[in-house]
Amino acid sequence: MIFIIFFLTLLSYSITNASVVDFCVADLSSAQTISGFPCKSSLSVTINDFVFSNFNPGNTSDNPLLRASVTAAAVHQFPAVNGLGISAARLDLDIGGNVPMHLHRGASEILMIVQGRITVGFISSDNAVFVKTLSKGEIMIIPQGLLHFQFNAGRSKATAFLALSSSSPGAQLLDVALFGNNLSSAIVEKTTLLDLAQVKKLKAIFGGSG
Amino acid sequence: MIFIIFFLTLLSYSITNASVVDFCVADLSSAQTISGFPCKSSLSVTINDFVFSNFNPGNTSDNPLLRASVTAAAVHQFPAVNGLGISAARLDLDIGGNVPMHLHRGASEILMIVQGRITVGFISSDNAVFVKTLSKGEIMIIPQGLLHFQFNAGRSKATAFLALSSSSPGAQLLDVALFGNNLSSAIVEKTTLLDLAQVKKLKAIFGGSG
Amino acid sequence: MIFIIFFLTLLSYSITNASVVDFCVADLSSAQTISGFPCKSSLSVTINDFVFSNFNPGNTSDNPLLRASVTAAAVHQFPAVNGLGISAARLDLDIGGNVPMHLHRGASEILMIVQGRITVGFISSDNAVFVKTLSKGEIMIIPQGLLHFQFNAGRSKATAFLALSSSSPGAQLLDVALFGNNLSSAIVEKTTLLDLAQVKKLKAIFGGSG
Amino acid sequence: MIFIIFFLTLLSYSITNASVVDFCVADLSSAQTISGFPCKSSLSVTINDFVFSNFNPGNTSDNPLLRASVTAAAVHQFPAVNGLGISAARLDLDIGGNVPMHLHRGASEILMIVQGRITVGFISSDNAVFVKTLSKGEIMIIPQGLLHFQFNAGRSKATAFLALSSSSPGAQLLDVALFGNNLSSAIVEKTTLLDLAQVKKLKAIFGGSG
Amino acid sequence: MIFIIFFLTLLSYSITNASVVDFCVADLSSAQTISGFPCKSSLSVTINDFVFSNFNPGNTSDNPLLRASVTAAAVHQFPAVNGLGISAARLDLDIGGNVPMHLHRGASEILMIVQGRITVGFISSDNAVFVKTLSKGEIMIIPQGLLHFQFNAGRSKATAFLALSSSSPGAQLLDVALFGNNLSSAIVEKTTLLDLAQVKKLKAIFGGSG
Amino acid sequence: MIFIIFFLTLLSYSITNASVVDFCVADLSSAQTISGFPCKSSLSVTINDFVFSNFNPGNTSDNPLLRASVTAAAVHQFPAVNGLGISAARLDLDIGGNVPMHLHRGASEILMIVQGRITVGFISSDNAVFVKTLSKGEIMIIPQGLLHFQFNAGRSKATAFLALSSSSPGAQLLDVALFGNNLSSAIVEKTTLLDLAQVKKLKAIFGGSG
């Protein structure tokens, strides 16, 4: 067809690099750069790269105390989100389930209730508190980098779908940061103003040394 | 308490602007700038700003032919997402429901199946086709700015939660862009290479003139 | 000269990386990253990298129906623009020449008339139409990601120089996206609301299958 | 038409803000922000906002010594480029015409020859020199923020179209910066290492005091 | 002078907006936008806007327990940094002085020792600990958004100059976030896993209620 | 501990990539990309990467005419700043010490006086002059890309700590750019409007040819 000749000419600069302009499925075997992973060759990209098929609840009984699971679909689990500024996760909470204080340095989070009732709270930089118990039909936005928590507020299991404004949002649980490493108990005491006994008790729970 | 004096001093530059650093709930009554809406005064921000309570299905019977509804929670409906680089929507499809070719200029989209089966497809800039029928437990990413579509692939209602990588993603349905305005039929014919009769037929359906 | 000693010391951190700070001529043989191509070694960069010498009209007779040619100077043709947020192209239209509906996902476009008269139009996201016929002394801006078209509006050849706000703007012709691939005719019909006969007719012209 | 009802619903979040997502024609009467001018109301935007109709040569005889004119189409002359990351200019050089050392802090520049021969040069941060005389069919990229110059290298008038990677690229002529203001001659001498007599001579020419 | 005529013409688009391209001294009386404060009129900008003259130690005796002061020069104290992506602060620590765990959501920090010895530590997102005692001649970088602390490690006063990679870095002290507001003690207990008695003790110190 | 199992699961997507999200210590042996250096493996990163221990005065007697030294801690000297948008330097000026006109294309600069008195000046894009002599307790901001200078204004040595809003700010001394390379004297004369004798005199001092 004569049209085709023209269009191939017209699009010559598009055809060769289009898939990179459109997407950059992460090549997880390569070293990351500041702006994300290098791109997998577009020749090997298929529809299956764009679909994540394990968006299912984790086993909350693995964790009898917190009774919670988080299933992440960020760049390490779902390489197609690389460079696209978004990722997802699902949160499942048994009755009494609890995700303690944590933060995502690199992303705001939208939490969408699928079933049950979840209390969600965050603390802003001026130390104001924002807390609400959400039900089906409600969603909540948690701004980037703020300490926040979620716990089941109802009498049945609860599930939420989460979306985060980064392909690599990060997540840091406050207790693990403070008590799950080798920072000496004396320094933790000094820099948190917690009692030493409290520090040592939580270090024991979270496996910290020092 | 003596600590307080110190902390107020230490935090003097934080306290006054913290809420803007953290978030910028849109003042929809002001004119937008390139980077979004001006911020509502942080003094009037409450937890209710961060919660969107109308994340419910629309009435698909308003639209007997397409049998679809999209409930958006972007900056105009949910001003707290302003500047945070994310928004959400929910998609409800009756049996046979269909969202035709459209694109979001300003956002990539993650589609998370809540119930039912939905066929999702997009066309990349090099004109390759990526299509898959998704079920519960699956999510799909559609890169920014690409033509894509969704339709119900099952025998029951289907619902998906959508997240978009912009607080103001935009949405343009191809048929409305081509046939729902006053671009003359002759120009549409010339620039789409569609037959004039086809153009006129769709102009009639979509309410275009010329 | 004693000055030199000082300046070399003073500039020690500049001298080693200056050319990268200034420019990053693409090494097209390497894999792209999200933010563009890796840089060719600055030792091998010469003035010729910064000059593109093929900014000439293509052969419009290769394409008797559309009678148009586009000569691109984007990163694949002109590697020095890599990372600089700009590229160029020239458009030549014979009498009756026509570039149908297309869009650049990644760039706004400025069109500057060199000779002749060209009708340029775009459709905004709210489906409004902006069309004008331009002559020498006029330029037009087409915002990023919008469907637009150009055709010769005069009785002589027409030429425009184009500048695009990305080193890799991409280009997608609507007809090729819809009719030039293997998306099944049934799905095209369903998601464009075109008649099946029209779809099949254009699939034949643009070489699509299915 | 029943379709319309659906599309209006579907597009409810798009319709209200689409024009801002697409473009933001500068309201030059308002104060600028860091990211550009506030947007003119989209209700008053017409096709004429997107067209700049004064892309013509200036009067080089106004300037018998340099015999050059630059006609800018940046945000102050062409408000529609606000926020779109691009602007344009045309350069006209009489025989012997000369644009001395200058730089654009905020933009890379592509220079496209329309007629004649122009010598273009720039100095990189590691003080290397890149110079070439260009003819029709050639374009050159000058990376952001580097000192550069253009002069007519032929025996006839020369014209180039320029594109810049910012809607507000800025321009600073080195001689005006050094000799066209009230910086004392002693400080200019000390900080440029020029002879005082040379400084005073150029201050007289460029109207500087002190 | 004839040159002047030319240069005014040549620079017409630069002269009017140059100061905004260069800088945007904050108008603190206006509402912030997502990208910072609107610009003070450039007509009223003087050299004094660019100089901050209170870069002196605070009174550490105001705070006998922590014996520390932080003098900030961020956008609220030093409006000229608005939009320039940088700010400064000085830290003075008496013997035994201590700045407990805190973070800056919006900035990386470089700490430069002026006198004395300071122990600086931070915790990365994978909960690794990085701690070192610094002396004169040493500087340390603390990546954006990570929990960190500083305390005087010597037997004399210590001073450091700090630079932060934002004009509005924010600062949040962990103890104030957890114990200085009205988040109920029961929720703090649940979401930090601290003992209730510890929570109540620190709430009393930091003035929290609930 | 049972908690640990949970937290490892919960943090699975964080643990693997946390250090890259947090920091990206430059691997200087790799080729740079547009957005900086690739990251050194996080397994080999230690606290020593985050500390720069040579923040000491250079030998100003190496340079008897200018009597100045600049000690840089940018990405090439201090790889941990890679990607963090900040770097540092210290400036030492003997009596009469002088850093002539120069600019940093890629960074704004904050200058903090440690000892002595320093005159600092810059020229804005509209050619206005901003000059002030600073003493201890004062800091000054110099916006990105503007010509500026510093000289000792007192009767004793002077020291300032500098912070720059880029990990790779660049630095270009005007005299070296104009007179320290092979740009022909005739072109320098033509494009600076300096007298040829002045050009040749400075070319001799700065080692330029041509």
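Here are some notes:
Order of writing sets the labels: A, B, C, D, E and F. Residues in every chain begin at 1.
Everything below uses one rule, namely that a residue touches a chain if its C-beta (ideal position, glycine included) is under 8 Å from a C-beta of that chain, and two chains touch if they have at least 3 such contacts.
None of these values were measured; they are calculated from a predicted model.
Under the contact definition stated at the top, the chains bordering both chain A and chain C are B, F.
At the interface between chain B and chain E, two copies of one sequence, fewer than half of the residue numbers in use are shared by both copies. Set against the Cα centre of chain D, the chain with the most distant centre is A. With chains reduced to the mean position of their C-alpha atoms, the one farthest from chain B is F.
We define each chain's centre as the mean of its Cα atoms; on that basis chain D and chain F are separated by 27 Å.
Separating the CA-averaged centres of chain B and chain D is a span of 36 Å.
Chain F has its Cα centroid 21 Å from the Cα centroid of chain E.
Each of residues 14, 18, 21-22, 33, 35, 105-106, 125, 127-128, 131, 144-146, 170-172, 175-176, 180, 205 in chain F touches at least two other chains. Chain-to-chain contact here is organised irregularly, matching neither a line nor a ring nor a star, and falling short of all pairs touching. A complete list of chain pairs in contact reads A-B, A-C, A-E, A-F, B-C, B-D, B-E, C-D, C-F, D-E, D-F, E-F.
Within the complex, the chain A residues that touch chain C are 1-7, 9-14, 16-18, 20-22, 24, 27, 33, 35-36, 38-39, 41, 82-83. Of all residues in chain D, only 31-35, 58, 62-66, 68-70, 72, 74-77, 99, 105-106, 168-173, 176, 180, 204-207 touch chain E in the complex they form.
Contacts from chain C toward chain B in the complex involve residues 98, 100-101, 105-106, 121, 123, 125, 127-129, 131, 144-147, 149, 151, 170-172, 174-178, 180-183, 187, 190-195, 198, 201-202, 205. Residues 14-15, 18-19, 21-23, 46-48, 50-56, 73, 78, 80-81, 84-88, 90, 108, 110, 112-114, 124-128, 130-132, 134, 137-146, 161, 163-165 of chain C are the ones touching chain D in the complex.
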